[in-house]
Amino acid sequence: MRRISPGMMVVLGLLALFVAAALAAPLLSPFDPLRQSLLLRLKPPGSLLGGRTFILGTDDLGRDLLSRVLFGARVSLLVSVVAVALSFVVGTALGMVAGWYRGAVAVVIMRLVDTMLSIPAILLAVLTVAVLGPGFLNLVVVLGLTRWPRYARVAYGQTLQVAVLPYIRAAEMAGAGSTRILWRHILPNIAGPLMVVATSEFGLMILFEAGLSFLGLGIQPPAPSWGSIMAAGRQYVERAWWLTVFPGACLFGVVLCVNVTGDWLRDRLDPRAASR
Amino acid sequence: MRLIAAAIIALLIGALPARAQPKDTLTVDLPGDVATMDPQLQWDTDSYTVYRNIFDNLLTRDVSGKIVPQVATAWRYTNDTTIVFDLRSDILFHDGSRLTPDDVVFSIARITNPALKSPQLSQFDQIASAETTGPTQVTLHTKSPYPALLAQLVKLSIVPKAYVEKVGDTAFNQAVIGSGPYRLKSWQRGVQTNLEANEGYWRGKPFFKAVTFRAVPDSATRIADLRTGRADITRGLTPDDAVAMKNEKALKLSSIATERVAYLFVNALSGPTKDKRVRQAIAMAIDRDTLISALQQGYAKPTNIVLTPANFGYVADVKGWPFDPAKARALIKEAGAEGATISFITSPAYDRRLNEAVQQMLEDVGLKMTIAVMDQPTYLRRRLGTPEDAGSLSQGRWSCACQDADGVIFPLFRSGSVWSKFTNPEYDAEVDAARATLDDARRLAHYHRAFEILREEVPGIGLFQDEAIYLMRRELAFTPTANEAFFVYDMKWE
Amino acid sequence: MIGHIASRLGQALLASFGVLTIVFFIMRLSGDPTLLLVPEGASLEQINQLRHQLGFDRPLPIQFAAYLGDLARLDFGESLVQRAPVLGIVAERIPYTVALASGALLVAIGIGIPAGIVMAVARGTWLERALAGFVLAGQSLPTFWSGILLILLFGVTLGWLPTSGADGIASLIMPSLALGAVGMSTFARMTRIAVLDELSRDYVTAARARGLSRGQAVVGHVLRNAAVPVVTIAALEIGNLLAGAVIVETVFAWPGIGQLAIQSIQSRDFLVVQTVVLFVSLVYVATNLLADLLYALIDPRIRMGA
């Protein structure tokens, strides 16, 4: 094992901090994230009102923004993790199978991928939410359903490339079964690009939920997510900048850390990269 | 492919018309595009705003809301179901042909003909027939005495018979011809509509030589358009938007209390709210004054009933429920409904903040409330469906565009109506009686009793009279009206 | 080769048919537009009468068969809401959509790929980290927020660009930036990885041993081989660039088919949604077919598979 660089330590530490903050939201939050005070709307960060300090200010219903951002971290991270995991597993499995067996199997899987991919994700999501109804579980299912084909497409292309390499042929000749080859030889070789897709998707999933919140169909109120806080706060970009800047900064921080971690993981997982 | 490429090139090098507006063109930012130019088809607010500038109506309303002549100069009832209109003879359509009684009869026959599939049919289907009874006279027959007739005829645009018959309905919708102050010059779907002045308009030459209506869905973008001079006037802003614009030097705000009433629907036929005490407790849990001062920023007037003073049938002396959380809590305890779940259904079309504020107010008196946001068609399907599916509570903003109680509380609460989740024979008798007589004093007495029943039974809670907010350039003179009319003819630079 | 293309085309049409079927049924499961069309006071009889006139009381399979019948005669029908031929309504939006998609792709590729190459070559330096942060910012800001910030900066404060609408190339700049920024990071990272992979391969070492400089090696060999994943991503983005630009088009009042599609979904204007989806699906399938053919050209190691 190579040593973890100091820069990477910082990134991993930050990521751990975000996760810890999300998990410990009930302990860290100074106030109830749902408690409104209509007379204390849109107060700036650091306001001291009625003996209470609102470190990040209040939102358009007079709720404490810090508490909402902390609880929002839970919702945003959970939606994203579950959706990415769901689409990663389904998409990668199907893509590898198609790339390895080719022929009729590939035709069926890849045409299904084409079908799913050629419906713009946001339209499919809006339609599906209309049928299934709103809610956390439905949201995650919708995201998983609309995103798996991206993994499948990349896994397929990469598997095609890797399958012709001499050492795979050698393994095949040595009598290794398909499952074993896929799992032991192909997956590690294609994990790099897939990891990049997954880490980009992680941020995109948070944004996707934000987009649905903008259209009014995301996480159900009054529960906060970073996206829904920002969607509600964009009306006040100039008057109450804190409503979009703080959750926006968290979003950026998490996405940055996840992506950097993704690249780092890729370098470690990639056997070719390891030899460098 | 080559066509598309040509279109793109045309789009990219196309001149930049909207940059430097000549002062004789008015540019209006609307939240949406015109759905149909044909005034007898769609009647959503954006379409309505545009095509009403192209057509004349049989009757109209003045700034105070009174019904006054337009194409018709005078009218009289010959019996309870027959009304005679005298018409002007000096109105010309944009193609130069004269507007005759035949055009009026044709317009009525066309909109009431089911084959047109007009969504507006239900507003005019009390009209049994219309006929030309003189060179400048039309007679209308209604199926029964129908007090709301005149209010509905304010919305009847007169279309040219000869032209519509010649080109057909589809072509008419693309290139309408009316008799109003502006004529249609061009219509780029999804982008903008350009109108030009009808110089020979019978009420006099319009002030603005041209009008452009642009479709800009995002209110923040509409505000940016106003601040940069890209548009001269816009509507569809929230009270918070308005407050933020108060210090803009080049712009001014104008607002008016409309006939639109903000209310809470309470399901009296299903769920925890089936118990009258729970409905009354909800009415006492709502802090209306705080909603108006904090969320509406004062852009609203409180109302005790589900109707506004801008409507006929408004009765000021029916008491509202006082804001009394302690009493509400006690009543909920008495009904055994502590911790009961109130399901609140809504769509993105309704103010999110009001929903959440109501949620907290109900939780403060011992109820639980869940909010389910769905898209508008799904919401309507549930709200108008069976009582079991309609949720316990929802927010509404009702305007019948007729300024009459009949268009509000009849559909909302009369048993058998799709909106109503309430059954009360006494109430039904009052609103039925008010609909069957032309005598204003008797109608008012019926509505008074009807509102007292609604007060006791609480199938709905009146919150406030909504205000329409317009943001415009400081030099623009425009007086908004309670029915949210938008006649460019009545605007000018100061 | 020609047989292969023909069979791919056949499969492509099948995929488009699948899309149409899925959308047709999902949309009808979510209700019909009758309730949105009637005035607020309409009675149940009036609502049912309109529903009958519009044909939504017929069983779904019959509606579907009727629709396919019309489609086979290239009749796309009339919009319920706009009462005009659907084909015209959709066709009018296509130039705007193509313009925005091209602008966004130009931003994403024009910034993303050079950034990716620099990040690979300058691996482990401060330059790589700074570039990574820059391209990621575009991806981690919701467009409904970055869009309004762009409008406030370039439109209101500086007054350089029009705040909304579609008047010439000036009004295309901000929407292209907002939309392109989202894809930029994906291109940059894909390019970076592909270039890193190729740089480590034997032929690069061999090329350098032959005396080629690192720059020559990158330009001559690496980019060509790194192009496969980049083309894959570009082809994948097409569908979303075409009709997925819903939020950007809404914020900038850009009249593309994304805005048309979402408004038509919200008003349950079935035929418009179906035509938009069919169009996007055909373009998507064509683009991806093209990408597959490009793979073979770029990288002869890939045999013509499925």
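Note that the chains take the letters A, B and C in the order they are written out, and that residue 1 is the start of every chain.
Here, a contact is a pair of C-beta atoms (placed from the backbone, for glycine too) under 8 Å apart; a residue touches a chain by one contact, two chains touch by 3 or more.
The shown structure was predicted, so the numbers you read here are calculated from the model rather than taken from an experiment.
> Compare the CA centroid of chain C with every other chain's and tell me the farthest one.
Most distant chain from chain C: B.
> So using the touch definition from the top, which pair is joined by more C-beta contacts, A-C or A-B?
A-C
> Which chain lies at the heart of the structure, taking centres as C-alpha averages?
C
> Counting in whole Å, what is the centre-to-centre distance of chain B and chain C, each centre being its mean C-alpha position?
Centres of chain B and chain C (C-alpha means) sit 37 Å apart.
> Go ahead and note the Å separation of the Cα centroids belonging to chain A and chain C.
The answer is 20 Å.
> Need the CA-centroid distance for the pair chain A / chain B, whole Å please.
Going by mean C-alpha positions, chain A sits 42 Å from chain B.
> Can you list the residues of chain C that touch 2 or more other chains?
30-31, 148, 152, 265
> Listing for chain B: what residues touch at least two other chains?
Answer for chain B, listing residues that touch two or more other chains: 220, 375, 377-378.
> For chain A, write out the residues touching at least two other chains, lowest number first.
Residue numbers touching two or more other chains: 126, 130, 215, 234, 237-238.
> Flag every residue of chain B that touches chain A in the complex, lowest number first.
219-220, 238, 240-241, 244, 290-291, 294-295, 347-348, 352-353, 355-357, 359-360, 370-375, 377-378
> Over in the complex, which chain B residues touch chain C? Could you list them?
The contact residues of chain B facing chain C are 4, 7-8, 10-19, 29, 32, 35-36, 38, 41-43, 114, 117, 119-123, 125, 169-170, 173-174, 188-192, 214-218, 220-222, 224-225, 227-228, 230, 375-378, 380-381, 384, 398-400, 407, 410-411, 416-419.
> Where on chain C does chain A make contact in their complex?
Residue positions touching the partner: 11-12, 14-16, 18-19, 22-23, 26-27, 29-31, 129, 132-133, 136-137, 139-145, 148-149, 152, 182, 185-186, 189-190, 193, 196-197, 200, 228-229, 232, 236, 239-240, 242-244, 246-247, 258, 261-262, 265, 273, 277, 280-281, 284-285, 288, 295, 299, 301-303, 305-306.
> Which part of chain C faces chain B closely enough to touch in the complex?
30-33, 35-44, 46-47, 49-50, 53-54, 78, 81-85, 89, 92-96, 98-99, 148, 151-152, 155-156, 159, 162-170, 172, 250-253, 255, 259-260, 263, 265-268
> Which of the residues in chain A end up touching chain B in this complex?
34-36, 38-39, 41, 60-62, 126, 129-130, 133-134, 215-217, 220-222, 232, 234-239
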